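For reference, the structure I am asking about is given below.
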Amino acid sequence: MSDKSILDLLKSTTDRRRFLRDGGVAALAVGVAGACKPQAAKSAAATTIQPAGQTGGTMGPHDTAAGTATASADAMDAMHEKGIKAFPAKTAGTGNQLMQPKLDKGVKVFELTAKKIQWETEPGRTVEAWSYNDQVPGPQIRVREGDRVRVILHNQLPESTAIHFHGLELPNAMDGVPFITQPPVKPGQSFTYEFVVPNAGSHMYHSHHNSAKQVGLGLLGAFIVEPREKTSYDNADVDEVFILNDGMHGYTFNGKSFPATQPIVAKLGQKLRIRFMNEGMMIHPMHLHGMHMTVIAKDGWPVPAPWKCDTLNVAPGERWDVMVNCNNKGTWAFHCHILPHAESEHGMFGMVTAVIVNDR
Amino acid sequence: MSDKSILDLLKSTTDRRRFLRDGGVAALAVGVAGACKPQAAKSAAATTIQPAGQTGGTMGPHDTAAGTATASADAMDAMHEKGIKAFPAKTAGTGNQLMQPKLDKGVKVFELTAKKIQWETEPGRTVEAWSYNDQVPGPQIRVREGDRVRVILHNQLPESTAIHFHGLELPNAMDGVPFITQPPVKPGQSFTYEFVVPNAGSHMYHSHHNSAKQVGLGLLGAFIVEPREKTSYDNADVDEVFILNDGMHGYTFNGKSFPATQPIVAKLGQKLRIRFMNEGMMIHPMHLHGMHMTVIAKDGWPVPAPWKCDTLNVAPGERWDVMVNCNNKGTWAFHCHILPHAESEHGMFGMVTAVIVNDR
Amino acid sequence: MSDKSILDLLKSTTDRRRFLRDGGVAALAVGVAGACKPQAAKSAAATTIQPAGQTGGTMGPHDTAAGTATASADAMDAMHEKGIKAFPAKTAGTGNQLMQPKLDKGVKVFELTAKKIQWETEPGRTVEAWSYNDQVPGPQIRVREGDRVRVILHNQLPESTAIHFHGLELPNAMDGVPFITQPPVKPGQSFTYEFVVPNAGSHMYHSHHNSAKQVGLGLLGAFIVEPREKTSYDNADVDEVFILNDGMHGYTFNGKSFPATQPIVAKLGQKLRIRFMNEGMMIHPMHLHGMHMTVIAKDGWPVPAPWKCDTLNVAPGERWDVMVNCNNKGTWAFHCHILPHAESEHGMFGMVTAVIVNDR
């Protein structure tokens, strides 16, 4: 479990200080081992009445008749707290790492090896994954509109495979659909895709052979195409790819489940761009606390009139780009609002992370 | 079962007269007890041929060979009819009641007590609910942009809880996420939230602790913020909050299932605003018969260009505001278009209600 | 199984020629019977290295250690290939056929007989269907805004039924909801709907009685209303209705499952309009390869600002109209991106078809 808890990350956040002072730290010290312990110590802190203001709530006095329920509640809360305290938890492996291409006479060359690996989705949960270059999601490919790109796929899987560049308007032979646009790439074989990148935006690459299984197991990644002519959105201070998945690996963001999901960290006043991509089988309405999102693109295409929301429904295969003006300091929960994808009696899990806005 | 049936509500509606005259009333008299009775009486009425016009259909003569099927069909129809006749059925308890705040030196104070109750979702179906102030949904909070608001939560549940104000861009300490922005509010404890309301729109408040269970059981309500500067939409003749839920209480609108759902009633020519909010785990594409809806806001934010539809897909956590120009007289079915959320072999149930447009 | 395979359809497509020359034809000759045969012959062709260019990928040499995996992969690939080779497969019955009305003193008269039939959804899979005029979907009704229309429903089903004209803003008595706007139409009875068509767009007609079952079994069809004043969209070169369904008949497009789905065929440079309609219980995010879709209407209403996408989430009851500029030659997969609705270990199935763009 990670030593670098969210509290460490946040120790400079002034909004958090009151909570820590008022009982949060004491509470966090209890953990699961103390689940049955009466909450005397915590209560002492938690019931310290503070003047209610813009930046701090007030905990009232205890109802003394509620002892038994409280003991049971403490046990549940300790589990919830343990998850939060572990966030962002360390796990083996990081997906979606930006990949540097090799250059071959002006062509950007990306080599992707599809193979079976073990993948840790959260501390202590390791699953079989089918990966590109040992990552889930596969390495992030980021090129520019008009670039000539070569993607060399090496198949070390026990099945045939192929890569579809989801969202790119390629020549048909590069579309990656076995028996329609190319033969399947057999185990042990390689296949080379090469094309001039035709359209900008947030796209994806993934298997298009036995895809319910192969994509479900991890054969997917982001294919970001920066436009030839940049807009203000392309100069975001923070630019994050956010790949949603469900199914065989559980509910994941970029291949990890809470508390192993990674927070997005920004400074007050920064512009944050998030590129949502759904590689799963279910919708995931993504809800950001504390700040709204302005939707700027759908499937890589700028929307004609940007619109605002705090909950964005992302369906399988869709990509949505949003901008967040990070004008509200603090640690903001950021999760799928299908609540059973995000929280159980044992605490938060799956599709939960945070956007952390720090002092400038 | 309710004595005040939809037919009473509608007796002034001229469009309905022909149907009543042509057999509807006879049919309605049959009920379940008469399910196996041959439909001779009804047929006599139903086969009265009327000139087909703009406002009435024509029932043709019987195929006399269809006797057995008809008897079986009658049994099914009687069940369907019984549900419609019961609508809107009386049940114990009404959720989403507008709450009057107490005023404390200019602060609007709302006290919410979270406790376990029994809740009647439809006649004869009573379930365990976790409620605010004995209502499911909790009382409707309606304030103005810039108001100073205090929400005092009293926890009488057997578990800890907390309130998240979904959609409000509050200071972090008021965001209601245990162990991230505040300690959990233990059984018997109280907690005070206080803030200046920062942004207008149709928002929600709900538990953010063990939320899949707590929200599923009813710890949710509408938080409506009227804008500082009103638009034409804010002067709607009828302004309805429409909270969708699924899961432990069945498929509900504002905490009730058909036939206990309440119709929206308007007069011809009136402007109706509906504020959809999804507190469930599934999408619900809401379909209105007879008139279209113009979408004016998403998650409380005005859309840049209003757009029209008759079926609006509302995902968990989303709010959508629509306007309906009530220009078509009659009783219009209004339901989720995932048909298994709305109708079974036994008749309509769950997510069904009506928009009733009466004479001016 | 169909003799007229997709390969025949495509023999004029130059992009396909290289694949055929490079091994595709050899591969296609193997079939299921040869599933366990070593792939020597195919390999010989497939490993012929071609210069990678804009229009053809390159298959690399074999990893000779991968023999066992390859044999197993061959078995799977043969099943996948068999499905593709069969597409578009012939089946008994065609739904959604354009219906010619009879004219009666200026009234366009459509007679619809609801009855139980057997319906072949894909080769060898025949299911019970409840149909209008022996078609699933029922015949396509296509009229003009302002037309006077008469729809005569004959009920030969074992249950009562009724027709709701989903999206049309009709007088209440024509709305088709038993016990609310009309009596149910009993087995053996007929019912006549008559109205002046009030609003243009892509609409639907379907049962509104015991609808989860009756619509699920096939009592549905397209009701297209051409606008009084045509726009450029109304002069599309190809205009396709695309009715999505799930449930009792499996995952279907216009009543058929892959490989019996029908491709959309257009010529390079043509404008294609697709009218999506979801009559099922689930969302279906429709993904087109190779070209984007421009969304022009929602539920028959023009969107205020058309927007682009390659994956369009269609929810139950919704209709979305899109335009595709057919500027990319080839056979493009076109499928629901909930992958388990489209592909299994045995190959593509269900919600898969193709948009085929041929030479001018």
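Read from first to last, the chains carry the letters A, B and C; within each, the first residue is number 1.
The rule is short, and it goes like this: a contact is a pair of C-beta atoms (placed from the backbone, for glycine too) under 8 Å apart; a residue touches a chain by one contact, two chains touch by 3 or more.
Being a predicted model, the structure only gives us computed values, none of them experimental.
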Touch-based graph of the chains, sorted into line, ring, star, complete or other: complete
Fitted rotation between chain A and its twin chain B in degrees, CA, nearest 5: 120
Taking all residue numbers at the chain A/chain C interface, are over half used by both copies (same) or under half (different)? different
Per the C-alpha centroid definition, the whole-Å distance linking chain A and chain C comes out as 34
Which positions in chain A touch two or more other chains at once? 283, 305, 313
Touching residues on chain A, where the partner in the complex is chain C: 150, 152, 154, 156-160, 164, 166-167, 169-175, 177-196, 199, 208-213, 215-216, 281-283, 298-301, 303-305, 313, 315-319
Can you name the residues of chain C that touch chain A in the complex? 6, 13, 15-16, 18-19, 22-24, 27-28, 39, 42-43, 46-47, 52-66, 69-70, 72-74, 76-77, 80-81, 84-85, 283, 285, 287, 289-292, 305-311, 313, 328-333, 337-340, 342-345, 354
